[in-house]
Structure formats: structure tokens, C-alpha cells
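Each of the two complexes below includes subunit A, the first together with subunit B, the second together with subunit C.
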Partner chain A sequence: MKQTFRQSMSWLHTWGGLWFTWILFAIFLTGTLGVFDDPISHWMREKGKAGEVPAMSAEERARAVTLAQDYLVRQAPRAEFWSIGLPDEDEPALRVFWRETEASPFQKRTLDPASGSQLKPGSARESEGGHHFVHMHFELHAGTAGIWIVGAATMAMLVALLSGIVVHKKIFADFFTFRPGKGQRSWLDGHNVLAVLTLPFLFMITYTGLIVFWATYMPAGIAARYDGDEERYFSALTDGPPARPRQFIEAAVAPLAPLMLRGEAAIARETGFVVVEHPGDRSASVRIFGRFDAEAESDRLVGRSSGTALFDAISGEVIDVQKPNSVRGGTVLAVQQTMNALHFVRFGAYPLKWLYFLSGMAGAAMLAAGAILFMVKRRKNAGNEFGSATAGVYRVVEVLNVAAIGGLVLACIAYFWINRLLPLDVAERATREIELFFAVWLATLAHAAWRTPHRAWCEQLAASAFLCLALPLLNLLSTGDWLVAALARGDGETAGVELTALAFGLLFIAALRHLWRRAAAADARDETLPDATATATGG
Partner chain B sequence: MEKHFALYLVFFTCYAGLLAISLTMDRHHAQVLRGKPERSRRLALRLAGWSLLGLALWLCSLAWGWAIGPVAWFGLLSAAAFGLVFLLPYAPRFAPWLSIIGPLLALPPFYF
Partner chain C sequence: MNARPVTPRNHLPLFSRIVAAIVGGYLLASIATVFLSFIVPASLPEAVLGATLFSFAIYTAAIIWVFAARNATRAWLGLLLPGAGLAVASFCLQLAKGAA
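Let's look at the complex of A and B:
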């Protein structure tokens, strides 16, 4: 049978969409939560209670950097890099990061900025916070392999968007059409309307999402023109100083505090971060990063430099200084940065972040409606698409739908509970939180496989609704802080997280009521028309 | 223009524009106002609708500039369209009133 173009696009949209929809839902949901990674981290690390952190004087900063350097020299005299985060209004502790070789794991410790002693586990609520959602979003916590999987799914998303437009016969006539309470028709309307009304956003976010990792996905240019030396390529792209390859001559890093103070004088801004590349080697360099000024950046699409000063770490000689608020690099870099800024919504502050959050949630809902529509269609009118295996395949799709949609939602809100319930002195606490997040997600899969689809949906939705609605109460019981206190002191980040959770809780209750009513209506129908159902299943 | 005020103002400008455009369609005209729109009314609604969307874009440029403004415009357009799409089946009679009540409710916190 010869197919029309629209029929083949419909096939592509259905099957290409189905096999990627679960992973795309995860990417959309966690990415959308990631829009608010800072407020989520603020909530998880109980920053609202801490109050104002007094600003540090230049001497205090110099002392903190010296203490951090002493610590790093003891821990990793030779390393790929050291990074020192100075205390700021969000984080009163001194943070040190390092990696010994490119292959070894990333290390992080928090120190007391006055004494340099390592803060004891349990003295703060150690957590990845909202960053967990961001990592889940772009690499599924699976490193480079995850980036490639997300890339493949993103391509599938672009294909599904284009084929979806072709398949949608009445894109203009049905532009504003949603017909609730009509079963399959309503799911299709919902799927269509959610996609069509956010189409500009969906294209933008999907395309820029691919572009962010272009150097990973399309390495051929750098491999051919720069012999695969990414550092050399990026220093040319950004008009920066040439890369400094390792020389394999041992040399100690000069004291960082005087370099930091010289750097601050050169860029006329306080230091946020001090990064040392190749400490222990003659090629070592020190980069002073000026403190990021979010307020000044919110009016611009393309962010400007916060100011950096680069020194030879051994001789202390100045290599490069970039003043704050300056822009470097040519048009190519500007285009690239605009794409990144559009994806990360680095501009426009809260109003724009909320619009991204809304559009992202609409995208996630669109994917969920599509996946559910696939099964609603087949529950009513079971086909024979996979021969004798059809029933089995449908069952797998049902189970995956519940676990990938309902289950992930449950795991995301459970992550907030894990953060509050896991004891503070657990070793590697931040990692444990993420492991427990995955454990909850896995449990929802087992639950979905064990229960009938209707029961599984209802129970997981009910659990999510409960966890959302009781979140402020949990916070009150576990930390003594909560929504009302946060509102009273004008802490919009803490209050925002809990109010958003409440809103989602109400949404889940509404969805649950809808499911119950439909189930009751279906039962009533079955009782009055036993013959009709018998014929339907028989035929 | 103050950004939060712009958010409300542009949202309701987009909402009114989209409402006017939806009323040029028989289905939605029947839902909201009963009957089919006449040709002259259809043209007037179309003109009003697109003008309001254009006005919304211009307001966005005043609040955010021409780099960020269009991004905000697309976002608010989607948000307003969701409002309209869910009001049409559940509260069609209320849909036109929102375009009047909405801006009035938004004004007091900023000006009184």
C-alpha cells in the first residue's frame, strides 16, 4: 500500500515520539525545575534562616585564600586544577575544589574562612540542591554518555515537532480548541494545544539545547583544524591568551593572596573565584574572577565579563586582564553566547524565568499527554501492531508511562523530602540524596509493574499530591522554618519553592478527582451496558 | 516601564488580542457570543486582534528592549493563550469579561 506523505509523517511522529517520549519528559521536567536551581538550592541548604552574611574586607579575603592554598597544597600539590570559591551572600563557607588528573573525580570541601579547618559533616545541610535537576537535565548523571543520549533525544524532539506540524491537519482551525470530557478527543486536543501554543518556545529550547553542546556533537571541525586541541581552539575563539600546555617541570605556586589583591586592583572588582590551572607544574596559571553581578546582567541578552585577571602562577607575571562589562571575541562567539543565554535564561530575572518555567511545564505536559494518548487510543481500539506480542508491548508502554511520568514527578518532589529527612552527618550526603532520588524512581517502576494502570496512576498521583501539600509542614517540623516565616521576612526564594509545591499539589488533586470521576462513570456504564462491552472486547 | 507591571499589562493585551482573533472563528464566536460573526465584525475583530498583539510587542520592547522584549512577548503570548484556551470550554461567558476585569485588577497594586 502506497502511503501519503502525511501518513508516513504520522507513523514517524507516533513511533519516533513514543520511544523517546519518556526520556524527553525527564529532560523537560528536570530542565524546567532547573530554571529555579538557585531558589531550590537556597531552600535545600536552609539559606533563608542564615540571614545576612557580613561582607568580607580585603584582608579577610586574602587570609581566606591563603588558608585555602595551604589546604590544597597539603591535599593535592600536583593537580589538573584548583578552584577556590570565596564566601558570598549565599554561601558563608570557603569552598575548595580540585581534580588531580583529567580522569580522576572532582573533589569538593568546605572550609571555615577564618581558621581554614575543614567544616565537619553535619554542620551544614550538604546538598547538590537544584543543581541535581540541571545535571539530570543535560547528562542524566551519566557524564559524556548521558550528553549523547540527551542529544539523540533532542534530535528526536526536533523530528517530532516538525512531523507533528505536518500531521496536525487543522493547526489554524483548532488553534484555540480544547474539548474536555471527551476521552481520546480531549487528550489529542490537549496534546495539540499545548504544543501549538508554545511552539516558538519548543523550537527555541530544543534547538539551542543541541547548540550548547555543539563541540561535543560535531567535533570534526576542531579535530581537523586544531588537531583536536580544544583549548587552542577556544582561546582563538574568545580572543584570549594562548593555552599553556603542561611542561612537566616541577614548580611551586607563588602565594595566591598578593596575586588576588593585584588582580582585584586591575579589574576594580572583588574576587569571586580564584582558579589555578596545572598547580605544581611550570605551566601553572592563576585566574582571578570578579564577582558576578546578576543585577547588571539582567537587562542584556548576551552576558558580559565579570572581569578576570590571569597571572603566571610561578613568576607572578601578568598574562592577561579583561575588564568587567567588556565583550571579547567575534560574531561567531556572540551568536554562540546568545544561543546559550536563550537556553539558560540568564537574562530578564524572575519575570522571564517564570515564563520559561510555564512554557517548560507546558512542554512536559504536552509530552505526557502524547504518551497517554498513545495508550488511550489503543485501550479503546486494541490493534495487532506487534502480532501475538501486542498485549505485552502495550503493557510495557503502560508501565513505562506511569513510571516515567507519574513516577518521575513523585521522585522529584520526594527529593525535597529526602533533603529534609536524611540525617545531616551521613557521609557523602549530597550523593546519597541523589541515589535515594533514583531509588524512589525505581520503586515507582516496580509499583507501576505491580498495579493495574488506573490504580498505579491514582496512587502515584496521590503520593505526589501529599508530598507537595505537606512540604511546608515538613520544613517546619524538620528545620523550624516554613512558608509563613519566610513570607514574613520577605524571603521569596524559600516561600516561592513552597508555594509552587502547594500549587502542584492542588493540580495533582484535581487530576486525581478527574481520574476517580472517569473511573466511576466507566463502572456505571459497564453495569448498565454489559452486552456492549462484551461485544466490544469480543469483536 | 516597570517589569512586573509590564508583565500584567502585556499579558492582558495579548489575551485581548487572542480573544478577538478567536472570535473571528465560527466555533468560538458561537461559544462566547452565540451565532456566527458577520463579515464586517469578523474584519474588525481581526484588525483589533492583530493590532493588540502588535501593541503588546511594542510594550515588551519598552520594558525589556528589542533583544529580550520579543522573548518576553512570545512567553506572554503562550501564557495568555493558555488562559483563553481553558476559559473557552469551561467559562465561555466570562472570557470577554476577563479582558476588562484583568487589567483593572492589575492596576491597583502599582498605582494606588
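Let's look at the complex of A and C:
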């Protein structure tokens, strides 16, 4: 590589960018939808029609916790942890979670808070809702492996941002340069304008994304200075009580209800969650978490505690109490928490979330334009980078472009349809919804491999446009609720989801018209459609 | 952006650079994190966190360096020399801490 700095950065930007662009598009698109995970869950679980959930009295809470404890003792007497979520405005059911060992999967059940019996499937529209997009965003629904794949792609994004800046000589001029209707030039301008406009956001969201999982991605410091003992390290970092390792002595957890009421008295706040670590072992502890007050926290970058009380689960002795609104740890931890809050847009209200949403969509569009630019350029002038395999590689890139960009968009909007069309009494309904989401995505890949690129783009775009534009109608036919009714009762979350879907539907129609016009113009000039296979084989 | 055709002759240096960027860059960032955890002026847990917050910038810089270097050998040297220096410095700081 006897090249100038700019040439080598250009190579790095093109090839490093290309191989990660599809996964980065998925991370950006699902993360951006995840900004509105609560409104999406609200729409999917039909919360708009549900009445207010009445607040629970202390006796009702104590009774619910006792029923949850009985259930957990029967199901998982010796688990890694138990977690009990008390009913709140968003979730009228009593939720219990546990994990048998550190390696086994999380278990979740929903119980009736008055009787403790497990709620039958079909009694509610069981769905992961917007959390599906959030999980897709940070772990691709693939657990630890997914977290590492996302981390690698995020590092590639950081490198692509820096090398991209080096490549552009005239970053200020690029700010104002968009030459539409000029094929390859327009894709490059679009890629540049979107990236330059959102550059500070892109740097912030990428770097803070790595910081969220800092201890996973870069464990060297804890490994070298704390012998890799994360529990000891984190209790030192947060000024918490020392860790309680397993003692392997059998002991039963004391009744949780009295501990919960003592905890509530100590922190002067209602309980949101009760967590028991190592139930069944002498080392077991109970932590009472005060209910999170989203409104009070919305103007703060450094999150404050909602209050916690920690007890020895066997003796009931108090180990630690942290009052609500207190902050623990020093300046560096506050910096890290601020970076987290910046990433999760945990502060600010709807205006800021919309700004994140638009910036995130611009980032996704920038990635899409970059991937399309790569192919548009090579349709005209094949680079022969892979010798005799070049045509085959281009075909793969072209197919992946359609499926990763057009196909994922289609799968995301199809997820809303799946939510409404899948029968309510299906077992493990929430999981089935996500499996169907992946099935649709896989089908778009098969479709992209079958059709020519132009046809594949047009057909997938048309399908997305239809699903977006008909979403309010689907809601009306399946649940009797829809946009107009939601607007009439002032339910901005339901209406917002459907209005956003309509806006995207119109955007896709505009994109389709553009593609059709260009194809017609190409036909009029008696040219063949820009088909990668033909061009690459010819060149 | 005119990537040259891939031939077996220039295949190996490229592969070497990719390994240098991904693995070498990560190891350099790890060693730098340990070194920084000794010199960040904060309590030990906070210094470890502060050093780690910085490590991803070091990793990024290392990757850029690997692809900007004139050849693959220089790319590797540019990672190994600072890496060795930081490792020795960290070891000495650990010894000094033990003696104090």
C-alpha cells in the first residue's frame, strides 16, 4: 500500500464500512425505533383501551409478594436469583422472574396479583412490544454472542466515521451540497450530507454505545487490578456493601412481605421490585427497590437512586439502605452514568426523543446510501477487486443490500401486523411474534436472491408502504381501536405510532415513484436497467 | 477508492494488517487501560473505570494507524513497541505499589 494517508483511509472506509454496513443499519434502525419502545409497547399491548390500574394498598402489595414467593419456592427453590415485579400503571399483572444458574435462561411468568395463579395465555395481548427492537439493537436476540457482534460493528462504525472525515476534503462545502437526480453523485452527496449533519450525534451515540458495555468489552482493567473479581470491583465502585458469595449451606428465605414493608418504611417509597439473590443458600439477600419516578428523573443526566433497602434474607438483618434521590460513587462514575443517559436518552421529554429519532433515522439512511453507493459505482464501472469471483461477490452485496435495508424495514413494520394477526391464545406468544419477525426477514432475503435488484427493491418497498399505510385500518379491524379514536381520547402514544407509520408509508411511496420514473427514463433511452449481474459480467 | 486487484502476492500483508488491527489493536488498548489505571488521579475503582472509558479511543487510533502505516511490518511495530513499553511501565508501577 504505497498510498497517501487519504487513499489508505478511503480504502479502509470503503471496505471496512461495506462488511459492517448491513449489521450497522440493523443496529441503527432498531435502536432508533427503540427510542419509542414505550409507545410501541403501549400500542402493541392495547394499553390505550385499558382503564386506569388502581393503586395497591400496602396490604395488597404484601399479599402479592407472599403469593409470588410461594410460587417461586415451588418452581425454583434454589435459584441464582428471583425477581418480583409488583403491578403498576403499565402492567396490572404480578410478574416473577428467575434464573436457575448463571448459565441457564431467564424465566418469566405473569401471575394474578389477587390469587397468585398463573395467568392463562390469551387473557392479554402478550408481546415484547418495543423491547423487541431494543434487544435486537444491542444483542440481535443472540445473548452474549450478539453483544460482542454489536460491539465489533460499533468499533467499525467509529473507525468508519474517522476515516470518512479524512476522505472528505471539503467537509464544510459538503454540508450544503446535494445534487439530486444525478445517480452515483446524488448517492454520494446524500451519504455525505446526512453524515456531516449528524456527525456529532453519530460520534456520541457510537462511543456511548461502547461505554454501556464497558466492563464486557474491555475487562483488562478489572482483570489486572481486581483479579477479574467483578462483584468486588463493582461494590467498591458504587460504595456498596461487600459482595455475598455463596456459602453452600442450605437455608430458607424468610417471609418477604414483612421485609418489604420494613424496606418501604426505611426508604419512604412504595416498592417497585423485590429481588432475592441466591435463594435457598445461607448467603441469600433481599433487595427492595423503590418505584422508579420517571417524571422526577426526566431532567437529570446523572440518574438518582429510586431508593433501595438490602436485607439478609435469612435473618432479616438490615445490610444497607440507600435513600431515594441520593447519588453514590465519584466523579468518574458520574461521567460514565452521563454517557449512559446520553445513549438511552433517559433525560428530556418528547422533543429530545424526536430529535434522537430523526438523527438516528438520518444515520440509518446514511448507512443505506453508503451501501447503495458502493454498488451503484460498481454497476457502472466494475472494480474487479476479486478477480474472477468479482461478479459473484457483487451479486451477494446487491442481494444483501436489498435484504438488510429494504428487507429489515419490511420485517419491522410486519412485526406490528404480526402483533395484531397472531391469535391471542398461542402459547409463548411473545416469542412467536419475534420468530415470525425473523421469518419475514428471511423471506425478504430469499426474495432478493430470486428477483433482479430493481424488482426486489420496488416490490419490498411497495410491501412496506402498504403495511405502513394500512396499519390504522388493521388496528380498527382487529381490535376496534384506531388513530381517530386514539386522537379523540387524547391517547398520543397510540396515535403517534400510527401517524409515524403513515408518514413512513408516504415516504416509501415517494421513493417508489422515484425508482419507477428512473426505470421509465432508462427504458426511454433504450438502456437496460442497471442490473449488477449483467454489468459485472460485462465489465 | 480504487482498490487494487487482489492477487496472492499482496494477499498476505493485507491479512496481516487485518489481524494487527483487530487483535493487535485490542491488546494494545487493553495494556493501555491497565497502564492508565495506575496514573489516573482517582481512587482505584474510579481510575479503572476512567482508563476503560478512554480505551475505545485508543483502540480506534490503533486501527487507523495499522491501515495508515507504510507497510504491514511497520504497522505491527507501531503496536508492539508502545505495547511493550506500557507493559513494562505497568509492571514497574505494580512493583512500586507493592514496595510502598
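Assume the second predicted complex is superposed on the first by the 524 of 539 C-alpha atoms of A that agree within 3 Å, B and C clash if a C-alpha of one lies under 4 Å from a C-alpha of the other, contacts with A are read in each partner's own complex, and residues count from 1 in each chain.
One rule holds in what follows: contacts are C-beta pairs under 8 Å (C-beta built on N, C-alpha and C of every residue); 3 or more make two chains touch, one makes a residue touch a chain.
Note that this is a predicted model, so its numbers are computed, not measured.
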item	value
First (subunit B), second (subunit C), both or neither touched by A:Tyr356	first
Contacts of A:Pro200 with subunit B and subunit C, given as first, second, both or neither	first
Which of subunit B and subunit C A:Leu301 touches, first, second, both or neither	first
Contacts of A:Thr14 with subunit B and subunit C, given as first, second, both or neither	second
Residue contacts on subunit A - larger count, subunit B or subunit C	C
Contacts of A:Ile165 with subunit B and subunit C, given as first, second, both or neither	neither
Subunit C-contacting residues of subunit A that also contact subunit B	none
Residues of subunit B that touch subunit A when the two form their complex	3-4, 6-7, 18, 22, 25, 27-28, 64-65, 67-68, 71-72, 74-76, 78-79, 81-82, 84-86, 88-90
In the complex with subunit A, residue positions of subunit C that touch it	1-7, 13, 29-31, 33-34, 37, 40, 42-53, 55-57, 59-60, 63-64, 67-68, 70-71, 90
In the complex, subunit A residues that touch subunit C	1-2, 5, 8-12, 14-15, 155, 158-159, 162-163, 207, 210-211, 214-215, 217-218, 220-222, 224-226, 233, 236-237, 329-333, 335-336, 339, 383-387
List of subunit A residues in touch with subunit B within their complex	173, 175-180, 193, 197-198, 200-201, 299-302, 342, 347-349, 351-352, 355-356, 358-359, 362
